[in-house]
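Paired with chain B in one complex and with chain C in the other, chain A is shared by the two complexes that follow.
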Partner chain A sequence: MTGARRDSCDVAVIGAGMAGMATALFAAERGLSCIQVGNPGGILFASGLLDLFGVHPVAERRLWRSPYAAIAALAREQSDHPLARIDASSIRTAFEIFVAALGAAGLRYAPLGDRNRSVLTSIGTIKTTFGVPLSMVAGVDALEARPPCLLVDFRGLREFNARQIAESLGHRWPDLRHRRIEFPGTEAAPELYAAHLARALESRQTRERTIALVKPLLGDALAVGFPAVLGLARASEVHAAFEAGLEMPVFEIPTMPTSVPGLRLLGALETAVSARGVRRRHQASVRALAFDREAGTAALDVEGVPGVERVVARAVVLATGRFTGRGLTADRGQVRESILGIPVLQPASREAWHQRDFLDPSGHAVNRAGLAIDDAWRPLDADGKPVWPRLFAVGSILAHQDWMRSKCGSGLAISTAWAAMEQVARQLRGTGAG
Partner chain B sequence: MSPALFQTALYASLALCSLGLVWRVSAWFRVRIGPDARTVALSQRVAALLRGGALALFSRRVFQLAGAVFLDLLLQRRLFANEKLRWLGHLLILTGFTLLLLMHALAAIVTAKLFQGYQPTLDPYLFLRNLSGAMVITGVGLLLFGRWRRQTGLPQARRPMDMAFVALLGFVLVSGFLLEAHKIASPRAFYRMSDQFIGSTDAGRLTPLRAVWASEFGVAFDDLKLPIDPRLLEQGRELHRSACASCHTKPVSAFVSYPMARVLAPVTDLLDTGRADAWLLYLHVFACFLGLAVLPFTLMFHLVAVPISLLVNAAAPNRDFSLAGRASRRALALDACVRCGICDLHCSVAPLARYLGNLGLLPAHKLQATAALAGGRLLGCEDVALRAADGAFLCTDCGRCTAHCPVGLDLEDLWEAGRGDLAAAGLPSPAQWVQAHPALAWAESLERGPAEHVDSGPDDLLAPLSADRRSFSRCVQCQTCTNVCPVVAHSMDSNHGIDLTPQKVMNLLRLGLRDLTLGSRMVWDCATCYQCQENCPAGVRVADIMCELRALGVRRLGAVRSLRESS
Partner chain C sequence: MNFPSIIQTQVLIIGGGVTGTALARDLALRGVDCILVEKDDINAGASGRNHGLLHSGARYAAGDRAAAMECRAEGAILKRMAAQTIQDTGGYFVAVQGDDERYIADFSSHCERSGISTRAVEVAAARALEPALSERAIAVFEVPDASIDPFRLSLENMAHARSLGARLMRRSRVVGFAREGRQIRAVRVRSGAEEVRIEAAQVVNAAGAWAREVALLAGAPFGMTYSKGTLLVTHTRLARRVVNRLRPPSNADIMMPGGTVSIVGTTSTRVDALDDMHPTAAEVDLIVEEAARMLPALATMRFIRAYAGVRPLVAAPGVADGRTVSRGYALFDHEDHGLDNFATITGGKLTTCRLMAERAADLVCRRLGVTRPCLTATMPLPVAAECEWTEPGRSPRMWMRSHGLEDTLLCECEMVSGSAVDAIYDALRSAGDTPTLTDIGLRSRVGKGACQGAFCAVRTVAHLYQRGDFQARRGIDEILDFFGERWRGQRAVLWGEQLAQAELMEALHCGVFGEELRGEESRAAPDADPAGEVSP
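This part shows the complex of A and B:
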């Protein structure tokens, strides 16, 4: 490794999805120096809504109004689920800190409270979630009270159709109307893209022309819904300007990923961790990870555009995700952990990975495959011992959970990151003193 | 040598040199590079120089000028920052050459006036002359070694005259050393001197002196008895002190020519018979005169152009240059370029030059093409002109050539002007000729084109990303690249929109339809801002692929261009 660049830190976080970002954020909040490796683009698949825990048991598809009550039920019935290992007050604290950091970075959320909320989606379905961006919260209220309401869409924006939503919900919400308008300045464009509209609306002129187009269409409406294109970096300002201009509550409806709320979330998380001094290697990946058991450090070979860098860390957190995040890889025979080949809890054979029915409500066994951990969030080797005393794992790579069907993606990422970071801090204090 | 011949040759070569200098310097006001330069009259350019010079001399800028003379000219700090070895080589040549010129070539009017009792055969002059010559030779050796060591696989820019002049310089130095060595060893020279200062050429009478000169001054007498009697030496030394010592010190200090004299000793007699002293002198002197006469038309003209270029650039900040000033400065830059090739080493598109096999992309080569275009020599050969145009327009204006230029040329200004000339001459950029036809038409041409161009075998090696499905197989068509693309955003409000979005380009690659992308507006309008690549959730190198497709397009569409344009 002669001539290679070198760096060192307390905690190396591998992964830059929701779990990796939350881990880096919490590490920095605890005053630990942190290097984060990974491409954060996966966050673009997020909707901007923060689920905590929505469905339990998965097979019954039972929706819960209170996520905390659902987690309590989970803890009674399935104690090996990662969320069942964390007490409610820790989860509350983790979410409060996470949402406050996003707010400070320009992405403001409605106060969290104790209950799940129902949010209208761009295909006219209703999604149960927990944390809702301020720009969407008027939609939650409208969906509950169902007042006369107008949905607006733009010609050429193919991913959002107001008429489809209104017709899907018409039987339950008779005063839901829809209108299509021409987005100012795009008359010649055959197809529009949400992020470009969002950026265009950050210009006051485009905003005012749009508001002027919508105003005559309001009629008796008491709220107006738009596709989630109301600004990007300055979304709060754009949203406020729409409410002031239209003189009524305005809400965004999340569009299909990858979407503008995903871009906002990515931007806010990047701002939040960078502002806290996290050193990000965001166009890089870990090529090799080795432990020096005598020195008590881990060495990561980080491969990026400038070449290979050696990072020496006192603790390492795996937040590499599942198959799309490439934390797990599957071949014809089995599922493997990508970096170290840590044993993955999984069905005995490939035949047992999936149910016969693809849409089986109880989900598939392979979706619950993942890393087994001890009480300190450390992944276990084949002998059931921690792989390394200060190697931790968080997020969706953990076994015994099916976050998509439980509606607990963000909840899993944020809560496990918080709980694991508590252990990391405790372990590092131990080594620091010793 | 007869003084008449010497003087005639000297004045003739001086006259040729002066005429050459006038011609070359006048080019700084005559040569027009860039369409804007055509609007400026010669008088305006002269006036701009006078005004700029006066403004610089009578303002605080004069300190900048002094700084430029000291740091940039004498100490060569720009070269030092680039390459220490070449800096050392260049400094050795510059110092050695200057010393030789003043102390040796112009000895009669410089050294003899400054130092009383100057004789070329006395120390320290003897030693210093050897030292200076050795410095020049070592310097040239370092430069050649430096060039050899950083072989990039791409040929370096040079003109035929460049190497010829280096050879001539080497010849002057080698003939000089040979002449000196021969004169040290030559009995004939000894007798000529003894005749002049002792009035005798009688070998018997001069035996003591010859003993001294043979043993201590390296004269190769072939009729001297050995070993030499010490008493004879004592006698000889006395004679030496009275007749020779005022003009001669022991030539051991001539650390190059004295050993050479020892080596030449066995053949000295032969050389004496053949009058080597005369013809070596002729060769040496006439080589110098030849060098002087052709100097304005060789690489050595940089001795004039570089100092002036440095001073001009130090005289005013870039933004203060009027159009007339810039026009002259561009012409001056053509002469101040020493073709060192440092710019080529730092060029951002050098990989493209390698890939396309088009040296026209590299700055040092491009400068020569710019000069050829300005001189009307480029347009004659169409193929060369087309390649020069492709090269000039694939430049990304990253500015690294300017930043690294050891003589401080504003190359970006030159490139922009050159592109203007190319466009005016009907040689459009690849983006222009490619976009003259829709992507689909290009794909059809490729299909109908000659088989060897359709064969993508070599392309797969040279276009590694777009040929390897692993580089885009992770694409899930999520549209993020399109969403963050400023080019797509811009085309929303224009009638000249792009034809494909970035994610559609990736999809065509996934479908194995790469030929359809090569002429696409998206590929050619890509601003290379890397937003797509930075944001891609799947880690696809979208922007890198776009660059690669452009390079591939120049090559493959260029091959069917005539077919397309004739149809």
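This part shows the complex of A and C:
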């Protein structure tokens, strides 16, 4: 490693999805120096909605209005679930800090409260979620009261069809109407892309032309819904301008990822962690990770555009995700943890990984595979001992959870990041820092 | 209770696979009125679950000379008569170290005796043309194998038959026969909640693997065994030509190029039941490991699908292995069963489907007193516009040529445009059908690319809502049915990249949109129990 660049920190966070970002944020909030390695592109697939915990038990498809009551039930029935290990006040604190950081970075959420909310989606389903961006809140209210309401779509935006949503919900919301308009300035384009529209609407002129097209279509509507394209970095301003121009509540409907709310979330998280001094290696990956048990440090070989960098850290957090995040990889024989080969709890054979029916209410066993941890969020080796005293794991790589079916993706990421960071801070204090 | 409506025709064909559809065209060309009833959709059985190989006959030359000669003759006819469904790729037979030297030595003379031309190719020269071949290859012969699109073949046979007056009833299952003496007076057919009686002068059972069950309903039992075969679809195409293992027929000895992918298989397992046919992890592993001996890249290749079909084999008592039972076809006139207007045509191969239809049509016409000759060996199959969309690479060409403002691209993996979906939908609709997303998938490349429908299914449904074709909550049901159908082929090949792709699909459709909770949303209504859990 002669000649290689070197850097050091209290905590190295591997991974830049929701869990990695939350971990870096919470590390910085605790005053720990932090280097974060990983590409944050996965956040583009987020919806912008922050689920906490919605469905339990998965096999019964039981939806909960209070995520905290649901987690309490989970803790009684399934104590090895990562969320069952965290008390409600920690979860509340984690979410408040996380959402406040997003707000300060320009992405504002409605006050969290302690109830799940119902949100209309572009597919025509009603999604149970927890944290809702301000730009979508009027939609939650409208879905509750079901007043006369207009949904607008743009010709060429292929994943969003207002008629589809109105048809899908017509049985319970008869006054839901739909109209299609040409997005100003795109009359010659057969396909439109949400991010381009969002950027275009940051221009006042395009915004005003759009509002002028919608205004005559309002009829008796008391609220208007649009695909989530109302601005990118300046979304609050765009949303406010639509409400002022149309003189009624305006809401965005989450669309098929990769979506504009995902872009906004990515931008806000990058701003938030960078502003707190997190050193980001976002075009890099960890090629090797080794522990110096005598010195009590970990050495990461971080491979990026300028070459390989040696990062020495006093603690390491794995937030590398599952298969799409590359934290787990699978061949025909078994599932492996990608960086260290940490044992993965998994079904006995590949035949048992997936159900024969995609929608089997129980979900797929491979989605509950993952790392086993101790009470301090440290992954365990084959002997059931921590792999290294200050190696931690957070987020979806953890075993015993199915975030896709439980609707707890963000909840798992944010809450486990918070809980693990408490342990990190405690461990580092024990070694004279923090 | 309503009395069932009665439909009359000269010939009722049961089964919409390659044989039934070829028979419909054959009869229609002879001026015979016919109705084809199919319990599911075109090529839902083995006709749609095979390699898509137009056999040169070389595969059978050593063991079954009659079958080899039939394949040679029929392959040549189809190459001329149904050229639009065939890619004349040519094929190699390849032996690797350890394969039976005797079989290799005798191969070309066996082929010659069946009239099949072969040409020995230097291994180095073959590997230069097909770099995917193993460096352990020891012998290579070139044969006139080709690739055929069985969906397009059946769709075009049926489209031509319909243009000549034949009728198609999809999702219509035969539930009973009304016999009178030596005649079947009527066949009871159930379509959804409705039952119709079809009165036909002649009834032909072309139900493939289900032929035994249909014949039993008619009181005409015969023995049949079922051999399950699993095949894999690769993510990228591996070779230009068909590659066969040069050894006696065994597992995983054929690799077919098909458009942008390759198809590898098969296995052969005796099964007793026809339902719930799904590929297993063990079958997939067997194919990967065995075929990799011929094409080593398969060991690390990404696969996007697996599917399993059932070969209907007319039983020879005491034979245990499905592979050694004749792959020849069987035509029963059922006169021994006391029936004069019932026939069964089953068994056989994709390559010989035209001949099977000709033989069955000859029998039916003799019984009907129709003397017009078979025309399918001499009259080319017309191209039907709505049937062209199964061809890989065709959609992007058409889209580039006529990309109008109103014609958006719905599938980006396979480049399927809105106008392609419109053409398919409208053709089904004009025949009185209610097309589903799965029907569109069968007739196009929608859902066949790497995303397996995660994105294009959503866009296609949005498109159909915009046209006013879908109403109410149908879209979500259609998407989930479509995913369910795609999933059957995915689950056995989910490791590596494709596992990540499947996880992404579930993350979007379950994680983000909660589609698996359809119908449960009302339980999360705002007026629910404030104490916490949403009351049912």
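We adopt the following convention: the second predicted complex is superposed on the first by the 431 of 434 C-alpha atoms of A that agree within 3 Å, B and C clash if a C-alpha of one lies under 4 Å from a C-alpha of the other, contacts with A are read in each partner's own complex, and residues count from 1 in each chain.
Methods note: a contact is a pair of C-beta atoms (placed from the backbone, for glycine too) under 8 Å apart; a residue touches a chain by one contact, two chains touch by 3 or more.
Just so it is clear, the model here is predicted, and its values are computed rather than measured.
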Next on the checklist: Per the contact definition in the header, classify A:188: touching chain B only (first), chain C only (second), both, or neither.
Outcome noted: both
Next on the checklist: A:61 in the overlay: touching chain B, chain C, both, or neither? Say first, second, both or neither.
Outcome noted: second
Checklist entry - Touching A:168 in the superposition: chain B (first), chain C (second), both, neither? => result second
Checklist entry - Where does A:257 make contact in the superposed view: on chain B (first), on chain C (second), on both, or on neither? => result both
Checklist entry - Thinking of the overlay built on chain A, is A:128 touched by chain B (first), by chain C (second), by both, or by neither? => result second
Checklist entry - For A:199, is the partner it touches chain B (first), chain C (second), both, or none of the two (neither)? => result first
Checklist entry - Which holds for A:45: it touches chain B only (first), chain C only (second), both, or neither? => result both
Checklist entry - Which of the two, chain B or chain C, is in touch with more residues of chain A? => result C
Checklist entry - Is A:359 contacted by the first partner chain B, the second partner chain C, both or neither? => result second
Checklist entry - Between chain B (first) and chain C (second), which, if any, makes contact with A:418: first, second, both or neither? => result neither
Checklist outcome for this item: Both chain B and chain C touch chain A at residues 45, 188, 190-191, 257
Checklist entry - For chain A, which residues are in contact with chain C within the complex? => result 45, 47, 49, 54-55, 61-66, 68-70, 73, 116, 118, 121, 123-128, 144, 156, 158-161, 163-164, 167-168, 170-172, 180, 188, 190-191, 254, 256-257, 322-324, 326, 329-332, 349-351, 353-359, 361, 364, 366-367, 403-405, 407, 409
Checklist entry - Which positions of chain C touch chain A when the two form their complex? => result 276, 278, 280-282, 284-285, 288, 403-410, 455, 458-459, 461-463, 465-466, 470-473, 475-476, 479-480, 483-484, 486-488, 491, 494-496, 499-500, 502-504, 506-508, 510-518, 520-526, 528-534
Checklist outcome for this item: Interface with chain A, chain B side, in the complex: residues 478-480, 482-484, 488-489, 491-495, 497, 501, 534-539
Next on the checklist: Going by the contact rule set out above, which residues of chain A touch chain B in the complex?
Outcome noted: 39, 41-45, 185-186, 188-196, 199-200, 257-258, 263, 266, 282-283
